[in-house]
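Below are the structure tokens for one structure; questions will follow.
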Amino acid sequence: MSFVIELHDIGVDAGSMSILRGVDLEVGPGEILGLFGPNGAGKTTLLRLVATLVRPSAGTGSVLGTDLSSQQRYAIRRRIGMIGHVPGLYPELTLGENLEFAARVAGVSRDEVGSALAAVGLAGVIDREAGVSSHGMQRRAEFARELMIDRDLLLLDEPHSALDQDAVELVNALVKKIAAEGGAVILVSHDRERVARIADRTVELTEGTLE
Amino acid sequence: MPSEIRSRSWPWVAIGVSVAVALSLAIVSPADTVQGELVRIMYVHVPAAWLAYLAFTVTLVGSGGYLVTRRLSWDRVAASSAEIGVYFTGLAIGLGMIWAKPTWGVWWTWDARLTLTAVMFFVYVGYLALRNTADDSRVRAGRSAVLGILGAALIPLVHFSVVWWRTLHQPASLLRPDGPAIEDPLILWALLAGVVAFTVIYVALMVKRIELHQVADSIRDFERSADRPVAGASVTAPQLGGGLGDE
Amino acid sequence: MNAGFRSQVAAVVERDLRRERRRGDVVWVTIPFGAMALFLLPLAIGVDTQLLQRIGPGMYWVVVMLFGVLVSVGRASIETGAQRDAVSLLGLDPAAAYVGRSMSAAGLLLVYEIVVGVVAVVLYNIEVIGFPWLVLTLVITAVGLGLLGSLAASLVSSSSAGSALVPLLVAPLSVPLLLGATQVYEGLRLGRSILPWMLLMVVVMLVTAIVGVGTARPLQET
Amino acid sequence: MNAGFRSQVAAVVERDLRRERRRGDVVWVTIPFGAMALFLLPLAIGVDTQLLQRIGPGMYWVVVMLFGVLVSVGRASIETGAQRDAVSLLGLDPAAAYVGRSMSAAGLLLVYEIVVGVVAVVLYNIEVIGFPWLVLTLVITAVGLGLLGSLAASLVSSSSAGSALVPLLVAPLSVPLLLGATQVYEGLRLGRSILPWMLLMVVVMLVTAIVGVGTARPLQET
Amino acid sequence: MSFVIELHDIGVDAGSMSILRGVDLEVGPGEILGLFGPNGAGKTTLLRLVATLVRPSAGTGSVLGTDLSSQQRYAIRRRIGMIGHVPGLYPELTLGENLEFAARVAGVSRDEVGSALAAVGLAGVIDREAGVSSHGMQRRAEFARELMIDRDLLLLDEPHSALDQDAVELVNALVKKIAAEGGAVILVSHDRERVARIADRTVELTEGTLE
């Protein structure tokens, strides 16, 4: 099989500045990649690029077999999971309603919501509004969402932050499961030891360039 | 325990007596030469409006009292009085509308007093709505006190509106600088009796409402002291086997 | 694979209405504002019952238009970047999102139109005539404004300069709706033909819908 | 120790105006919408030059009031919990925050009043008379509305119902300002005395300012 | 000297639930306290209580010598620094403008802004808007703010998340400086090892109760 992610000489600009420049990256099926780099290096931007949420201003790339510049890139979004720095739940909806919305849009049976929340230990707070749930609870709910929707590519921006010890184990299990099923995972983190334990390979992003 | 019965029943006795006097005076007072029997609406309309002024003035005092002393009892006074004031304002507006239809031919017009009375009504409805949003009793007391003070600025505005804008509504005939302009003493007495009756009703309602507020507060305190679920207890450790199966 | 178009639309509608209910923006902000506008106007222009009766319907429609669009724009501005990212990665079809957002906006607008309409009738002493046609007008304007507002909102969120375009885009497009709505009432009152105006409104509605659905995918550039 | 009251006020004003400038809400949303309202009305009620000239000033003031309040509401709802926490822990005196917010709102409102005023004069052919008095009226209404809107916003901020209640609280209280403003114009036109109206507006403004400043500290409950 | 933080049997309620219950805690001058606990236990709520941002619904407490239920508690806010889960900067303002605002309100000379940002390595991006700064850059800017305003009590909610290695060193230096000057610091974290290295003492919060 070909690569899940394939980037050639990718650049991303914002206004008059470059955020990424000349990035080459290949991630194969089943691979868990650790991505390190100092603050402001462009890690989050790289993840969003791979998730088709940022467009390359230079270079070529493909994700899950789809060219990043083509219009078809929207069709693969359903297969890409991402958890960013800040939770993206709707604060007015309960955790359960948030997941139910995700399930319906993604075409997953609504019955999966309960078991996904149970898997992350949130079965008891399914009716609590996301806005009054603690930060870690919101992150767990996001993991439940990724668990529920079978993703082929998972992009995690500092997944360990805000999660307690038990929940961290969960993330590792989720990551391994996706890799085992032939998907790919990118883990952004500043905690090298923790990532090294689970990643197959690590790369370093500095000043918009991969080393 | 007769003393308790007496203390419980005094409001009803007082209301009964004063309402009876007011009613009989309203009935024996002469009909108006222009308006006929319709004029009798006045004996409820006017006292209701005046008692609304009184109620909102008490709300002003209660609000100020709370901000100065920080005692919730002041807040209870302010809130109770505002509730009753809203009822009285509603009564004055409702009866005014019923009165307006036969005399002016419309239910409502854009007379300054009518408009400002409605504005006053909305402000205190807003006051009550604001009280419903905050769940912490001190936050609620503080915020509504501000509105209780601000809203009172409307009282003189409503009262003097007939002087400033001379449109449709009756100008002041009783509460005015150069003395009452009503000739027939019976009308005057009937009006005064109505005011007394409404004042008694107001006081009785206040006492009851404050008591109710007190009970509600102590129920809340009791619930607080009782065992409530802990928010964090419902979050459990993830079930690694569960959704992930393939360890 | 992706859920069907219809179930995505339904999910969006349900989400929007739920959020709206919990926030209470429409019930507590838009409706009181509309009612207030109708209430303040006579104070400001002087009390002339006949005049008010004459300009009442026009006032009503202006208030409906303005706040109708504000509902959609306001809604777009409460969406955070993280929320947008998450929804995109659910594979939500932009066209389904557009239709769903328009439908929920239309539903809210209909409620708004009815409540504010009652206020207008009471305050301005407006005659209610041609009932079935009026209802149809209300529904068409609600749907048309919902479609228009959502289109504007998607412009707001898709580019940083977007919000500048909104009024420019919305104003010209809402004029035919406004004209149609007021002329339908006028026509009913005077016994003139209202069909051309109805037609105009329906055409505007359809054009907006086609433009909105058609550009939803290409618009989604990020 | 804490900064002085005046330098805190200045910091708040500068922050607000900067944020406003970068977001462009007032320039790109509030002003065009206000202008649009004035523009749509003649379309809706029919173009009758004399009628428009007569109701023009009233329309203008209603639009100013409504959107003026929207400025304060919008601003309260864009503040996040984290931002509020951070500002509280800077030791910002709530009274200084109130004064600063009111001042920046008043400044924006003045700009808004002038731009929309020009639109109104052009569209409705309104006579501009009694220049110094008109300017004074504009300033007083801007300040009064700024004070009123900020007060309402601070009353509901951080309560669960959010900005929901602001319009309900502010709109009725702004009625005296509206009455004063329209009657000043009317008085100038007809050569009547405008002093009582000016007085009314100043009193409302002062009462709001005193209540707002006086209760800012006790209100700070959370 | 007496304690910086003194809590006796403190409870915090929200709606029909308790978040904290019967919390006793004493933190003395110069002390660095590590606070652990599972997701949703109430750690953030405890920090906000100590910062006077949440009111106790039961019990008594004082912070920096001021009763938590008295009106005087607002006067000590200027002396308490807190960094929460989510950055609280204004996204429309630049990092420099954000700090300048903080300086003016807190009564610190504006000249300190430059050196504070330089200390956290953000001298080069002083004119970048907070909204387009990376998550780590925003957190660094918040640390610069705490550095600039001399705080007597510092409350950090997962300070290490989103910070790279260099920045972590910086945080530790800041924490130690405040402790050395007789202030107190509470560090909430899920990273027990890292906190153990710097904290004088650690406590565990579970289901709203300290152990």
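Read from first to last, the chains carry the letters A, B, C, D and E; within each, the first residue is number 1.
What we mean here is this: a contact is a pair of C-beta atoms (placed from the backbone, for glycine too) under 8 Å apart; a residue touches a chain by one contact, two chains touch by 3 or more.
Predicted model only: the values in this text are computed from it and were never measured.
Student: What chains touch chain D and also chain E?
Tutor: Correct list: B.
Student: Would you indicate which pair of chains has the most C-beta pairs in contact?
Tutor: Per chain pair, the contact count peaks at C-D.
Student: State which chain is most central when centres are taken as means of Cα atoms.
Tutor: The chain sitting closest to the overall C-alpha centre is D.
Student: So the centre of each chain is just the mean of its C-alpha atoms; given that, what is the distance between chain B and chain D in Å?
Tutor: Once rounded, the distance between the two centres reads 29 Å.
Student: Using CA atom averages as chain centres, what separation in Å is found between chain B and chain C?
Tutor: Taking the mean C-alpha position of each chain, the two centres sit 37 Å apart.
Student: For chain A and chain B, what's the span in angstrom between their mean Cα positions?
Tutor: 57
Student: Any idea how many Å lie between the Cα centroids of chain B and chain E?
Tutor: The answer is 46 Å.
Student: Taking each residue of chain D in turn, which ones touch at least two of the other chains?
Tutor: Answer for chain D, listing residues that touch two or more other chains: 161, 164-165, 168, 171-172, 175, 179, 218, 221-222.
Student: So which stretches of chain A touch two or more other chains?
Tutor: 85-86, 125, 134, 137, 140, 166-167 - these are the residues of chain A that touch more than one other chain.
Student: Can you tell me which residues of chain B touch two or more of the remaining chains?
Tutor: Each of 70, 115, 135-136, 138, 232-235, 237 in chain B touches at least two other chains.
Student: Name the touching chain pairs, would you?
Tutor: Applying the touch criterion to every chain pair yields A-B, A-C, A-E, B-C, B-D, B-E, C-D, D-E.
Student: Tell me, which parts of chain C touch chain B in their complex?
Tutor: 39, 42-43, 46-47, 49, 52, 122-123, 125
Student: Quick check on the complex: what are the chain E residues that touch chain D?
Tutor: Listed in rising order, the residues of chain E that touch chain D are 48, 51, 53-55, 71, 74-75, 77-82, 84-90, 92-93, 97, 101-102, 104-107, 129, 142, 145, 149.
Student: Would you pull the chain A residues touching chain B in the complex into a rising list?
Tutor: Residues in contact with chain B: 115-116, 118-125, 128, 134, 137, 140, 144, 147-148, 166-167, 169-170, 173-174, 177, 180.
Student: Across the complex, what residues on chain D touch chain C?
Tutor: Listed in rising order, the residues of chain D that touch chain C are 24-25, 28-29, 32-33, 36-37, 39-41, 43-46, 51, 54-55, 57-59, 61-62, 65-66, 70, 73, 77-78, 161-168, 171-172, 175, 178-179, 182, 186.
Student: Using the touch rule from the top, collect the residues of chain D that touch chain B in their complex.
Tutor: Within the complex, chain D contacts chain B at residues 151, 155-156, 159-161, 164-165, 168-169, 171-173, 175-176, 179, 196, 203-204, 207-208, 211-212, 215, 218-219, 221-222.
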